[in-house]
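The two complexes that follow have subunit A in common; it is paired with subunit B in the first and with subunit C in the second.
Entry: the complex of A and B
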């Protein structure tokens, strides 16, 4: 039954397959926990997912363009430490733009190495992951940073505030998602990203500057990280040196779960939003069921494997590889 | 004819894909020792049928019999074990491995403790390769072999099993004439050994040279089987496309316009040097030469993909520097590249998006891509080029080769180029679409486009060109007008013989 559905539907069904799995999870969790379906819990999961969500938007665009970005985790540490540290030194109205610029510079390094020098994105961003972590420690001298006057600053609006009754992180996440959705689905740049990710050679033969497109995707990714850092810094009002550690994998997990192919050229922002929410609700459900925190890593991995499998199976029209 | 038990028989095969009935009750059989050609236009269902034969697709309905027994083949390995072997059009070798390792890939002969028995391996492979009259040894790394020799390795692989049926899919697409002769010998040898051969090709001359019978498919359905000796090209073509083709060349002196493109002493080491020619509006110039003569590199240089070492390019009399494809496109130069799937199309995108890709930045309403403008362009060129696709939403990878090529041509025509360069425009395309593309190139010239056709097929060059420029080893050796050209002189010019040197 599943197999015939898969055969008939092609990749489209995979997306629905993930949706169906998501709904099944929601039903299962709500049966097992009274609190799971409460409005409070919903909003809090949504709010917590915003940081990973915002970062996943940028990484989705990088991945559609045919590359990877593993440096977003330590880039988040860098940006958060910077904005929190500068907050008390030069004030939030300057700290935010300075932090955004500095983060964009890191994105530009990724973009230049991968876009213009055509180096392998896995190697470059893995290297940046460790290089930026080093940079953070050099900058902070190993000290954690915090904001002294946590009540009196307007900076708190991003992590702790609400706009028209909706928590700001949610508003920022959905706002950015909408913006990037429009860019990717309706603007020339988005089309070029899909083309470069789908076939870089044919894109060059069609007069698209592959290098510039790839470069820009890394700038977008860095911009998303800086937005996430504003939410995180404002929420915690302080930062550890390694606050972003491990985020890169959560982000990538959400992107894959949403069904964006690591081969490049396919996927979408809306699917990533779905992936982010799924990941967040599953993790939340496990905690509500009284499972230890680290259980979520195991379950997340299993879900990703199944998601990828269904996606591949849908494309080749059968569950097992046709070549024995 | 006495009826032998067919080596392979397909009966009433139906294969459907979402929205498409790719095969609609097709019958096909191969007798032992027979060469059975399979013909059809692009999209007629040849590839699908072939994949059914080779166990890559399972038919929705119908039966497959091997030596009289009904079988189901669910994987290519099943098919291979049943003695049905497919020689791919696109080679499936591991380039970093040696010929021998490729030939016995996955089935290397073993000694004790699972060690590979290299001696036996190479002995066996050298024997097979010498049977195929190959001059390279089995320890040659595949990446270092020519395409033709790589194909020999593919064939050698098929010969390791006791093949009952060997399927050749467009085997001569990248072979020279000499290599073809060798291949045909091999096919005749196999035939003499009682192997059934399925031969898929677009080239009528080959089919008539080789085959015993011809089965024709059209639009996924069976159109009939003809005995080769009792039919002719006309009948086959009519069966294939439902009409006759006029292949005769319409030699009229075209109304030539001004010189659009002029190239003076253009060089790009090591591919070509000191190339000079001029191209007028309304004319088709054919570039003919052997693979590696520097024609593709010349096209890529004009299109801004390579930097020339010297010489000048003039468009409308003004010197231009095309340092990127964007530059070239802005100057009105466009290139339909040699390799459709790798260079021409983004297979993950739909037909419309592929066609509008170079100008997507201009087809905007405000900051947004105007879907309406895109669809208008797509519709216009779909109609003009008679592209067959259910809708613009169809992923371009699902189209047949001919329709894919038309998408690439449409992509550039919609840019209103001054100069259209087409590199191997009909490679791997069936006769029907081929003729359409040839006519189209003539029409474009008549409309005032300046067209450069690069081709390795002499009939094609002779058919479409007003002038033919022959290249050999990176140099132009001779130029012919359509009226004065002869096949002999052309062959001499491209092989470095004859009186012509650098023009």
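Entry: the complex of A and C
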């Protein structure tokens, strides 16, 4: 591993395509707006990014395992509506575990279909995207749900509170990132995920249960969604039925921006965190500069292209492809 | 050719008349946009069915397109095949639906468009439109903002989903009326909140970082307005800030009751549904119905809020 990296060559800095792009971008924005690098803004963007961020951690693991998860957006709607609705009915101390279990069941359906039945993950999770949205609407009858006593509930700690002076969403995001970083980089399960995503056939011959590993990645993804739902529900103190609509694409964009290969087998949790932050700072920075919203879409696209290009270039050791 | 068409039209009319005369009831088919996707549409459907059941002379066929324009077009064709007396449609896509509306027109079935209007090319083929006047709603919000700020101040605006007619019209009504009525109020920036409370909260947080002095916030609906309010409260800056929305939601109503939210525009899905059915009945009764039928969506503020029921959504 180390040897191939050294062989790839190129200046050391270019090997971190995403990091370079991130730093360049941060410098450019702080030159254009004096508020951009203020501590307040930094914390505020960090806190905003936590919902997408926590979901992106799970999806990163799914993608490293060689699959996709497009159902996380609807799953977020499901989990948020459930936890907010149950909050007033059975209290937060029961609502949270019930919601987590229900969300894990959805993850298990994804995992069983893709892991054990070996169905295509794009098709399965795209189907789940609309199936879960339907489930939400059946559950809620289309009504918005709201927490009535917003001031009095301890549930507010997750979205609005702070732990030792740091906003809880940030603590949850970084805590989970650290946990998954350790799992993916230095535990057997992490190595199995890389193996299954990198070369499924070889992994089976090495005695890895591919089905079980894939199944578990979807459980992790669902668990991450349930954590994001706790943050979202607590931050907003209510939920629309389609609150997570479109989040799956933002999550995927952050994962790709972090350099995780959609082919599976490569990528890392820490780089996804960078990808998430970068997307959040783009949205924030452009509004701070007073740019119209559609600039976000263009700039996001351009930055993804540049980051992916720098990443590919770093791997092959030159900017342009040697085979023209 | 022309004659056959007229004949066809005449015979269709005769059949419809015959059916109406024999049973003394009218059959009205409705195809809705996407019931269940939000509380407004869910309440609309319930109110529509209730209004129809309350009238013994009306028989309704209630369909829902589930947000899918192709399905809505085939539902229109089904209703034409069933020779209903009138069709009410809540367009999933005002442009793509024009040919289906023209088919109904050619079959002699009057079409009433409800809630959001069809594209201009289709206006020749409909009997009437029934729904809220979103430009007027923007105007109302601008007037309330002007009132609340006494004509002086700096505000930000959070709009609905970019590209949606409702979002565009409300913004247009607000911008135009504010500039005309209140030149002393400046708009610092306008950014979308996508009808999403969390998204609006994020947008407002960024506004709060960027501007030290914000006197008022206009949001394209109360759901986003309450998101903006949440952000201001969290930043400790809600005191003295004026929040004005549109489409009064229950959360907006409650915040108004607590004195945190200044005002909104009251748009009832129940009124919307009843107006649609009534417009269709008026058309069938041969009354002279104006092409654009707006139902009343009054201003609601802390002062007059108790004249209104708490919204169910």
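Criterion: the second predicted complex is superposed on the first by the 297 of 324 C-alpha atoms of A that agree within 3 Å, B and C clash if a C-alpha of one lies under 4 Å from a C-alpha of the other, contacts with A are read in each partner's own complex, and residues count from 1 in each chain.
In this text, a residue touches a chain if its C-beta (ideal position, glycine included) is under 8 Å from a C-beta of that chain, and two chains touch if they have at least 3 such contacts.
Predicted model only: the values in this text are computed from it and were never measured.
K.L.:
Since both structures carry subunit A, what do subunit B and subunit C do when superposed there: clash or fit?
P.N.:
In the arrangement built by aligning on subunit A, the partners subunit C and subunit B fit side by side.
K.L.:
Look at A:287 in the shared chain and tell me whether it touches subunit B only, subunit C only, both, or neither; answer first, second, both or neither.
P.N.:
In the superposition, A:287 contacts subunit C only.
K.L.:
May I ask you to decide whether A:206 touches subunit B, subunit C, both, or neither, giving the answer as first, second, both or neither?
P.N.:
first
K.L.:
Just to be sure I read the superposition right, which of the two partners does A:266 touch: subunit B = first, subunit C = second, or both, or neither?
P.N.:
first
K.L.:
Between subunit B (first) and subunit C (second), which does A:43 come into contact with in this model arrangement: first, second, both, or neither?
P.N.:
A:43 sits against neither subunit B nor subunit C.
K.L.:
So after the superposition, what angle do subunit B and subunit C open up at subunit A's Cα centre, nearest 10 degrees?
P.N.:
About 130 degrees, rounded to the nearest 10.
K.L.:
Between subunit B (first) and subunit C (second), which does A:137 come into contact with in this model arrangement: first, second, both, or neither?
P.N.:
second
K.L.:
Classify the contacts of A:299 with the two partner chains as first (subunit B alone), second (subunit C alone), both, or neither.
P.N.:
neither
K.L.:
Considering only the touch criterion stated at the top, classify A:26 as touching first (subunit B), second (subunit C), both, or neither.
P.N.:
neither
K.L.:
So after superposition, what is the minimum Cα distance from subunit B to subunit C, given in Å?
P.N.:
The answer for the closest subunit B-subunit C C-alpha pair is 35 Å.
K.L.:
Subunit C touches which residues of subunit A in the complex?
P.N.:
Within the complex, subunit A touches subunit C at residues 33, 35, 38, 40-41, 44, 48, 51, 137-138, 141-144, 146, 160, 232, 235-238, 240-243, 283-284, 287-288, 290, 293-294.
K.L.:
Okay, in this complex, where on subunit C does subunit A touch?
P.N.:
35-39, 41-42, 162, 189, 191-192, 195-198, 201-203, 205-207, 209-210, 223, 226-227, 230, 234, 249-251, 312-313
K.L.:
Would you pull the subunit B residues touching subunit A in the complex into a rising list?
P.N.:
So the residues of subunit B in touch with subunit A come to 18, 56, 75-77, 303, 305, 324-326, 328-329, 335, 337, 342-349, 353, 357-358, 360-361, 363-364, 367-369, 411.
K.L.:
Would you pull the subunit A residues touching subunit B in the complex into a rising list?
P.N.:
So the residues of subunit A in touch with subunit B come to 8-10, 182, 186-188, 191-192, 194-195, 197-199, 201-209, 265-266, 322-324.
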